[in-house]
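Note that the chains take the letters A, B, C and D in the order they are written out, and that residue 1 is the start of every chain.
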Amino acid sequence: MPPSVTHTPAELMTAVAARELRDGEVVFVGIGLPNLACNLARATHAPGLVLIYESGAVGAEPERLPVSIGDPSLVTGSLMVCGMADVFQCLLQNGRIGVGFLGGAQIDRFGNINTTVIGPYARPSVRLPGSGGAAEIAIHARRTLVISRLSRRAFPESVDFVTSPGHRMGGRSRRELGMPGAGPVRVVTDKGILDADPDTGELVLGALYPGVELDEVRAGVGWTLRCRERLQPVDPPSDRELTLLRDVLDPRGLYLKG
Amino acid sequence: MGDAVAALVHDGDTVVIEGFTHLICFAAGHEIIRQRRRDLTLCRLTPDLIYDQMIAAGCARKLVFSWAGNPGAGSLHAFRRAVERGEPPLELEEYSHFGMVARLSAGAARLPFWTLRNYMGTDLPAANPLIRSVTCPYTGETLATVPALNPDVTIVHAQRADAAGNTQIWGLLGVQKEAAFASRRVIVVVEELVEEAVIRADPNRTLVPGLAVDAVVVEPWGAHPSYAQGYYDRDNDFYVRWEAVSREPAALTRYLEEFVFGVHNRAEYVERCGGLEWLRAGSRVCAGVNYGY
Amino acid sequence: MGDAVAALVHDGDTVVIEGFTHLICFAAGHEIIRQRRRDLTLCRLTPDLIYDQMIAAGCARKLVFSWAGNPGAGSLHAFRRAVERGEPPLELEEYSHFGMVARLSAGAARLPFWTLRNYMGTDLPAANPLIRSVTCPYTGETLATVPALNPDVTIVHAQRADAAGNTQIWGLLGVQKEAAFASRRVIVVVEELVEEAVIRADPNRTLVPGLAVDAVVVEPWGAHPSYAQGYYDRDNDFYVRWEAVSREPAALTRYLEEFVFGVHNRAEYVERCGGLEWLRAGSRVCAGVNYGY
Amino acid sequence: MPPSVTHTPAELMTAVAARELRDGEVVFVGIGLPNLACNLARATHAPGLVLIYESGAVGAEPERLPVSIGDPSLVTGSLMVCGMADVFQCLLQNGRIGVGFLGGAQIDRFGNINTTVIGPYARPSVRLPGSGGAAEIAIHARRTLVISRLSRRAFPESVDFVTSPGHRMGGRSRRELGMPGAGPVRVVTDKGILDADPDTGELVLGALYPGVELDEVRAGVGWTLRCRERLQPVDPPSDRELTLLRDVLDPRGLYLKG
């Protein structure tokens, strides 16, 4: 049986994202797959991972799966709860955040993310929620990881609105624009991993999941996707990872069904 | 609540009902809708369901915000109809969370602006000309600025306060302190009114002192369907159900008729909900600390 | 303490030992004197007796401060001899309390400067050219600025922390949080090392998270003659007696010989003081709050 | 027996200062006579006075006489204890402080106060403690009250160093310089009360204590002291005030002896 049948795309993406995290890192977490990825990493190779939510909970160890970034279960038993001025000034702008997770309705060729509008800003066809903390996370986290399923709609050549900056904005690099963090270095999709080219900032294919054809990936982005010279191998979720995800971390399948 | 809103919230005011997921004062929002306030400038990091209801009820002229969604459950459709189709028209002034926090920090410190390292490479300053910049007098570098936000009235929901308005909050603190100090008038709404001695027994817990508070309203369950740590849990089912209600203007109107206009006060709302005891918090009481010397 | 100071405090460092009257880490100051650190830039709102001792011991090249006195009891005479007679020479960089708080706030936020409405009409900017100004991009008004203070090392005394450095303080909070976040390295010195579960039971009490801490030192009575709310009272007699000790260089030298160089560690200091049990705090334990949901 | 024998100068100054405070006002308090004046006012005509210390204690009701501005007795049983960033930004700069008390080694004709140096700044003959919070209190409190004994050394025509600004600095008014507060409107001395002239800012004699001659006051200031057209009458401390001060507020005579 091919691996693609034994696990869902969401499970694979979560497992791959979890492996990106290093023990002891400080992670700015969102709800959903990023939260599951962090907790999977904590349960496997990164027990010392510190989870910070923009709501102000630091080092949370929730006893249930949080359904909102401000869930009370993130407060009870956490290491610190501080106000949001401290979160953004003393933690994020201070440079304490190693990894930020981002997602978005649109991600473009240079990793710019749009969570604001589809169509023109003044009268959009779809009004999205807006930045939240995403703009400053994209600027300040030492690196950001993006999780998103591939599709031409989600991966246009350029986004309708840059909510969270990626690389090469108007031809200028992040460093030239004075951004402290390295930005979206990696995009975890349901078919493979896109890496930001260290020189140009362009997203290129860095890894293909087992059983996925290159053309499937190319069909999911709105530009001519380049590949790294050597694609990295990616293991499917291990039995241990799947057991943790299904039995412990999301037993009701709230986020991992699809 | 009726008296406090009648006295302190006026047509045309700039209003802040804060609380990041935690302690969102739906009771105050409903009372403002019931008293048919108009032309309000509503400010809040996360407009949430309560501002969706206020927009639908026609209270809002303008929204100042940083993330407008139904956290974990979908969209705010009244908000989206207003923005996507102008039904009803709604002016927007948009920041990121950090930008809104900085606006309230400046307001609380009574400075005209706040400085932050942000917004390079984003389209936000193009969409909002109030995001500007300043040059550091030491390094010469350019940094972003946002203007102070000084609301006419801020409503802070809290676990407890004394009659003089000395207010204690635990769990998520959001930007409640900054919003209260930034505001010309402050209404504190509490789950529980306590003796001054309770406040004085643990003064480090006080987030807003009575000297900054104009009215104290006691309104148990006042934050439902949001939550109050140590008092009741978040009603996630309500948030999930809102997606369908909010999507249908007729359903939204029916909701307002039944749960807002159809009740006189919070106690009747709780009754209309069929009681909320099932959300009552379990016990995880921490140990006290010694303030002796 | 010996290991932490040896590893984290170096000659020439910019050092902050904070604590506004409360939780002043004399134990760390004594260890720095014992290890004969030199050319330090000492920063602190209120230099207090511990910096007077460090100046007398020849550790300091420069003092950055806003109020240099013996609170309630008189002068810091080692400081005064240095400034009035250059014995030994001491460079000064002087602000007001608000200016120092603002410098550390900027440092904690990793901004190059902080804005405040201050200093008009005073001679402080003439005495300190680092007090500058900025023009508001909204109102055009001129506001004062101070540059960020980012120390090499900050020492925070606290009631308790866990082994990972998650640190809880109650009573006066001073600028301990800002100083810790502003600093490249942080040493936390506690009255009591507690299990992580104690910290997790009351997360709103945590002022400095472990992720910002480099070393945790357990040093009971480490703040004497200052105090630790809930642990021991301020030794006011010591502050009063310091006036005479500090006034006489020979007496000050004798004090350092006996109580700093003449002991190896804090336990021996406490013994040399004849025990400090008489300062032990009485009990005024507050009630806990419910973190349940 | 004349009143001057029945009470000390410190007791009189404290009672006079207490009467300046109005019920419900928010006062930024210092240790010593200001603290006693506030507590005397609370015990008599102003039970609703709110005391704030720059250390962060709000609404303190100390069970013993605090000997330092950060005494633990100011914390236990207070209404709020906050960090100093909040004290200076959210309370003082925010405009919440009605009255600030100040003292100083030198107070000049226009109410400028020096707590920094006697002599030149770079090599002073006497190095004083410095500003502490005095500079910002003088700028932001809605009004400030000064308590000081008269002497030519303490009241020169102009101070050696302006730590806390008064009125008419370099010929410019507080309003022209952008100061929110009204500044030192009143100086309570041991012989009478000096008021800042509302037009010129100059300190002029507004009240003479019973039994004090005008020449005694004139001898205590370093400029030609002008008088208000009508001097206000000042009652000596009442029996109730003296009883409170001596038996309740400072029973050991820590501050009120002299």
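Everything below uses one rule, namely that a contact is a pair of C-beta atoms (placed from the backbone, for glycine too) under 8 Å apart; a residue touches a chain by one contact, two chains touch by 3 or more.
Nothing here was measured: the structure is a model prediction, and the numbers come from that model.
Counting C-beta pairs in contact across B-D and across C-D gives the higher total for C-D.
For the pair subunit B and subunit C, the distance between mean C-alpha positions equals 37 Å.
For the pair subunit B and subunit D, the distance between C-alpha centroids works out to 41 Å. Between subunit A and subunit D, the centres computed from C-alpha atoms are 58 Å apart. Here the CA centre of subunit C is 28 Å from the CA centre of subunit D. Residue positions 110-111, 116-117, 141, 170-171, 173, 177-178, 201, 204, 227, 229, 233-234, 281, 284, 291-293 of subunit C are each in touch with at least two other chains.
Taken residue by residue, subunit A touches two or more other chains at 57, 72, 75-77, 81-82, 89, 93, whereas all remaining positions touch fewer. Taken as a graph of touching chains, this assembly fits none of the simple shapes: it is neither a line, a ring, a star nor a complete graph. All chain pairs that touch, listed by label, are A-B, A-C, B-C, B-D, C-D.
The touching residues of subunit B, counted against subunit A in their complex, run 20-22, 45-46, 65-69, 71-72, 75, 79-80, 83-84, 86, 94-98, 101-102, 105, 116-124, 127, 141-142, 170-178, 227, 229, 233-234, 236, 239, 281, 284. Against subunit B, the residues of subunit C that register as touching in their complex are 110-117, 130, 132-139, 141, 143, 145, 147, 159, 170-171, 173, 198, 201-202, 204-205, 227, 229-234, 281-293.
The touching residues of subunit C, when paired with subunit A in their complex, are 108-111, 166, 177-178, 181, 196, 199-201, 203-204, 206, 209-212, 291-293. Interface residues of subunit A, counted against subunit B in their complex, comprise 31, 54-57, 67-72, 75-77, 81-85, 88-89, 92-93, 112, 116, 121, 123-127, 129-136, 139-140, 161-166, 169, 174, 177-180.
Across the interface of their complex, subunit B is touched by residues 26, 50, 57-59, 61, 72-73, 75-82, 86, 89-90, 93-96 of subunit D.
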